[in-house]
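Structures given as structure tokens follow.
In the two complexes that follow, subunit A is the common piece, with subunit B as its partner first and subunit C second.
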Partner chain A sequence: MSTVSVTGGSRRARPLLSMRARTLLTGYAYLVPAALCLLATVVVPIAKAIQMSLYNDVLFKPQDYRFIGLANYMRLAQDPVFWLTLWNSFVWVFGSVVLQFVAGFAAALLLHQAFTGRAVVRTVVLLPWIIPGVVVGLIWEWLYQPNYGVINDLLINAGWLHDRVAWLSNPDLAMAAVVFTNVWRGIPFFAIMLLAGLQAVPEELYEAARIDGAGVLDRFWHVTLPLMRPIIVVATATRIIWTFNYADLIFVMTSGGPANATQITSTYTLLQAYSNLDFGYAAALSVVLLLVMLAFTAAYLRVTKGVEETG
Partner chain B sequence: MRRRRISASFAERLLGGPVLWAGLALLSAFAFGPFVWMLLTSLKNRQELYATPLQYLPRQYTFENYIEAWTSPITPFSRFFLNSLWVCSVTMVATTVVSVLAGYAIARFRFAGRDALLLIFLATQMFPSVLLIAPLLAQWRSLGLIDTYQALIYSNFTFTVPFTVWMMVGYFSSIPRELEESAMIDGCSQFGSLCRVVLPLAAPGIAATAIFAFVVSWSELLFAISFTTQTDMRTLSAGLLYMVGQYEVQWGQLSAGVIMSTVPVAILFTFLQRHLIHGLTAGAVKG
Partner chain C sequence: MNDRWSQSRRRFLHTLAGAGVIAAADLGWWDAPFISPRKAWGAEPVHFQFSVPEPTRIALVTSLVERFNQSQKDFEVRVEFVPQAQARQKLISAISAGSPPDVCQVWDNWLGQFQGMGAVEDLTSRVKSWKHQQDVQPTAWQTVTIGKEIVSLPLSVTLDAIFYRTDRLKEYGLKEPTPDWTWDDFLRMATAFSKKDKNQYGYGMRGAGTWAVLYPSEFAYANGAEVLRNGKVTINSKEAVDALAWYMDLALKHHVTPPSAPTDGFVEIVEGFGRGITSMYQHNSGSVGQQKKNVGVQNFATLPVPIGPAKKRASFYFSETLTAFKGARNKEGAWRFMSFMLEDEPSLMYCKTLGLLPARKSIIERPEFTNDPALSGFVNSFPFTIVSPYLAYPGWGGKLDSDGVPLIQQAMVGKISPKECLDRFADILTKDMG
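After this line comes the complex of A and B, so read on.
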């Protein structure tokens, strides 16, 4: 490589940079746009958010703008609504992800079977996942509508309900109602991921298990599940993080109400930034949100490492 | 022993037949039912919409909701639609260029900090978008970009680029390196072999990446309502929310708006479903 070829090589001057260096430089050049994007839209804003959280920064009180150290965080620790939102976030994430997983797994098993019209059914089943969050929220607001909503009407006609229920304005029901909506939206995600996992299980293993006399359930427990563990872990963790951060749906449907019954930490942050225009406090909240997620991600990475080693 | 085998095959027949069909019917109805209800709502006139008892099927199909939503001067849905189309298209093209280059570099070149960079891209996807709203708002305001398309497009990069880079790394890694090497031996430059050999092979992956960027930007809400103040600058998501905020909720127009916002992404998705699914799960299945 480094020696110039014997025939006619002397005509070409030796390049200024070695091949290796040029390759490496090209590589870095290709990375520049992505790095700039990240820097301008993620790295700098996060640094800025951390800085903002240390200031008293209320938009309509510019005269009070000053450095206050950790005062926003102290206020947060004493804010009962903040602790309520953490609990609500837990209910929201746990309820959504568990139900999405179970229903999504069932959907994946169904879609894995060979039947006519599978492509059509698959598209239909995946639809709720790709439409905008606002659209999901509005559709379900209309379905839940107390007087003209179809859900009340169906339940009353079926005899399961006596009076019309105001699903989204009843503090005892609102959380269940938004979680159910989120489940509708999230089933396709698990269905896609787990379907891919199912398709990656070699058919021979099922054959071997069948010959050994394993029934349907045995095969599911001892062949399907163990082989799918990595993808189950990845899909669930991704979904937990995503659901924890997700604010659109609740923001559209209830804005965290009634009486903070559906207020999760991310919508509470939004509320502080939007309605109260208290950017300092909102920034402190979002930094806490970030820390919770980082802790979870670190734990998740350790677990997946374990999965890779054993699997 | 024999009995056990019989019962197993019976269970299999049950699962393969009635259970499968019942499950599929239930699943499809649950997934698609709400859309059907929205479509029916959008085709009803005002009396039928608010009739008691509830009227399921419209007696007279009418498109007046669509026409009103599209041409309304107070909530100009056509304007929202075009805004979204422009913002998402530019986001899509820019994201694709950026992530093809970065994905190729990460997949092909061994350089210091490669793993760290990949991890940063992964971690970025886990950041709550509410974290970015206040600082980005301050940033766009100081640059005078409030109520511009640029602010929305740049902001969309925060969630499109990290994910699409990962998708592209997966695609490029699956293309054998020898192909480029032989192209380079035949006289192609590094960039030439990328354009002539790798890109054509990765075309399905690139298409999936582009569609993904388009679809997620189409859904974006929080940035759109934070960085725009004028009605004329609202995107679809922000515009739909704005329609709710105006006087009493016009469910007829709103349902028409919902259907019109769903159709474009549904069509895109149908065309590229297979590739998109492949791209989304490529990393996960391997990992």
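After this line comes the complex of A and C, so read on.
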């Protein structure tokens, strides 16, 4: 026979934290690794860039390294090339994104139709997006080559062109040429994103619209677009930010030339950092670019907030 | 029993691993090892960064490094090939991060900035006792000397000359130019070579990269101009402006340049000539080998740059250097490898294969260089070579790319006048003389 001793008078110790607090803390604990990664890879570099922008930090003049406050920003405000690059950046970003969106939407609508070989066509449409940006730049640089490039040859043989056109060497054409290349590369992104959105639109809504007598355009305007708005907002905002920072194509195709005609702020920043080794000024350019993008994104999301919610 | 078996198996594996380590350590000293490469214990490998990786250079440099590694057993040289476009950027990042390669192939126009960063090793004392010191051309030493410090060994030297198509001369019934040709002769030839209906242009003008500024600067010297005179920037003098106007007229008035000129860099001017689009271009001897393959050795020749109205001419002299860094882990090894590359055979092989000119006098006097008609324009240019005036200040190298090139491009497309171009460039250079 065994005896069991019971300490009837003792009470269980109260936990230090309440259940709710522990649940909350556990949740935050799971966030810690991601937050630390973000801190190390995003917040610290941004803080470092802001700090660098306040110093005269020319790598080959270490003796001149000193705190100069906002002098780099003052210099930037008086730098005509910076203002030109900012304007070029807007042309580059909005030219590219608007055309990519329109062509990508058209491609998505086409790919949404049922036809033989649709799977193959969908794969082929993705090709420009799969090819690395630098390779795209090199391919198009040779296509545009005025003396032995395919584009001039085709246009001349077709009788549409009399003289060879220097697409990338003419300051009036160079930006349009690189934007066109970027559009070619970016169409698949929009096509795939918007196709996914189109596939999520319930077929019954189209049925109902048809019964109500809505035509193709009406159905597109009153059914497709409103339901696609959230994905359109996210896709365009993402693409705008990417394109602002996307310097590969320009760097490979024109290096910002001719005569700064295709120099955007990100390539100009690279030039200041790695040609002049002026890291202070390059950091100031980066910070301003970051602020411009933040302001734009905030404004864009604000304007489209209602749109997104209605979607 | 299982435990005993397991124990003995573990012991056996430990013994085997230990024996392997001892054997590997021992084999490291063998003369003919199967663990390659054989190197002394504790010796740090020498990391060598080499840019401009095109197939010929990669094969050549790999072979030279291999040859060096076989010639000694103290340490190993490991070569890393980096695309030219990224080489400088990568090097700057490595220097800033405190882990540069031990030795690097660097153009002399980068040295000022690297020396300013306090990154390059002072080789003066090593060079003073080096057996080939007197054999290296004095101008080559000038290109790698900053202040009183010799910071590199000149692996090869380059100077600019004019490439021209000899077969086209015959085809169009033109007179063979002589080495003392003038600007007028140059223009006459460029005009005669230009056949727009055949997509042929007289002169492959360069509009992209540092040399887009250096080539017209050489023409400016032929008109009596200078970049720097008595400590003042004089690149916007009347002589310089007139020279640039004449040079730009090749594109704007005479239309003897291809329409792509404003963005044509090294690849495009070399390709343009190789494909028969252009019949003349200005470059260093580095593209001689390529043109021998492209147009054939019998179909082109080189000439010194033409004599200008001031009865002068100048060809800027550059060095392709081997530079050791202060952060090198094996400085002794780096020096031994650098000096090996300037020995007779490696230097001859390197320069002959790539069409470059050796920095050592005893090698450049060999028939491989003096008897090659494709190199005659360069060999004949030595009497009037000068060290590039843009090496005077460390910041000028960067300004050529960030400001000089866009200004030249604007002048090339007629957006600004030659005077405005040079006035603005003079301002930029003056501000960066500190």
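Brief remarks on what is shown
In this text, the second predicted complex is superposed on the first by the 268 of 311 C-alpha atoms of A that agree within 3 Å, B and C clash if a C-alpha of one lies under 4 Å from a C-alpha of the other, contacts with A are read in each partner's own complex, and residues count from 1 in each chain.
FYI, a contact is a pair of C-beta atoms (placed from the backbone, for glycine too) under 8 Å apart; a residue touches a chain by one contact, two chains touch by 3 or more.
From a predicted model like this one, the values you see are computed outputs, not experimental measurements.
Model built by superposing both complexes on subunit A: subunit B and subunit C clash. In the overlay built on the shared chain, the residue A:T297 is in contact with subunit B alone; subunit C does not reach it. When the shared chain is aligned, subunit B comes close enough to touch A:L24, but subunit C does not. Judged by the touch definition given at the top, the superposed model places A:V93 against neither subunit B nor subunit C.
With both complexes superposed, B is the one of subunit B and subunit C in contact with more subunit A residues.
Judged by the touch definition given at the top, the superposed model places A:L143 against subunit B, while subunit C stays out of reach.
Judged by the touch definition given at the top, the superposed model places A:P62 against subunit C, while subunit B stays out of reach.
Once the two complexes are overlaid on the shared chain, A:P45 sits against subunit B while remaining clear of subunit C. When the two complexes are overlaid on their common chain A, residue A:L54 makes contact with neither subunit B nor subunit C.
Judged by the touch definition given at the top, the superposed model places A:A166 against subunit C, while subunit B stays out of reach.
Of the two partner chains placed around the shared chain by superposition, subunit C is the only one that A:P258 touches, whereas subunit B remains out of contact. Clashing C-alpha atoms between subunit C and subunit B turn up only in stretch 57-65, chosen from 3-11, 57-65 or 147-155, once the structures are aligned on chain A.
Of the residues of subunit A, those at positions 145, 147-148, 274 touch subunit B in one of the two structures and subunit C in the other.
Listing the residues of subunit B that touch subunit A in their complex gives 1, 4-5, 7-8, 11-12, 15-16, 20, 23-24, 27-28, 30-32, 34-35, 37-38, 41, 49-50, 52-54, 56, 97-99, 101-102, 104-106, 108-109, 111, 117, 120-121, 123-124, 126-136, 138-139, 154-155, 157-158, 161-162, 165, 190-191, 215, 218-222, 226, 236-237, 240-241, 244, 251, 254-255, 258, 261-262, 265-266, 269-270, 273, 277, 280-281, 284-285, 287.
In the complex of the two chains, the subunit A residues touching subunit C come out as 58-62, 64, 81, 145-148, 164-166, 168-171, 174, 254-260, 263, 271-272, 274-278.
The touching residues of subunit A, when paired with subunit B in their complex, are 22-24, 26-28, 30-31, 33-35, 37-38, 40-42, 44-46, 48-49, 52, 106-107, 110, 113, 115, 121-128, 130-135, 138-140, 142-143, 145, 147-148, 150, 153, 184, 187-188, 192-193, 195-197, 200, 213, 215-217, 230-231, 234-235, 241, 244-245, 247-248, 251-252, 266, 269-270, 273-274, 279, 282-283, 286-287, 289-290, 293-294, 297, 304, 308.
Residue ranges on subunit C touching subunit A, taken from their complex, read 88-89, 92, 96, 112-118, 199, 207-208, 258-264, 268, 272, 275, 277, 394-395, 398-399, 401-402, 405-406, 409-410, 412-413, 415, 434.
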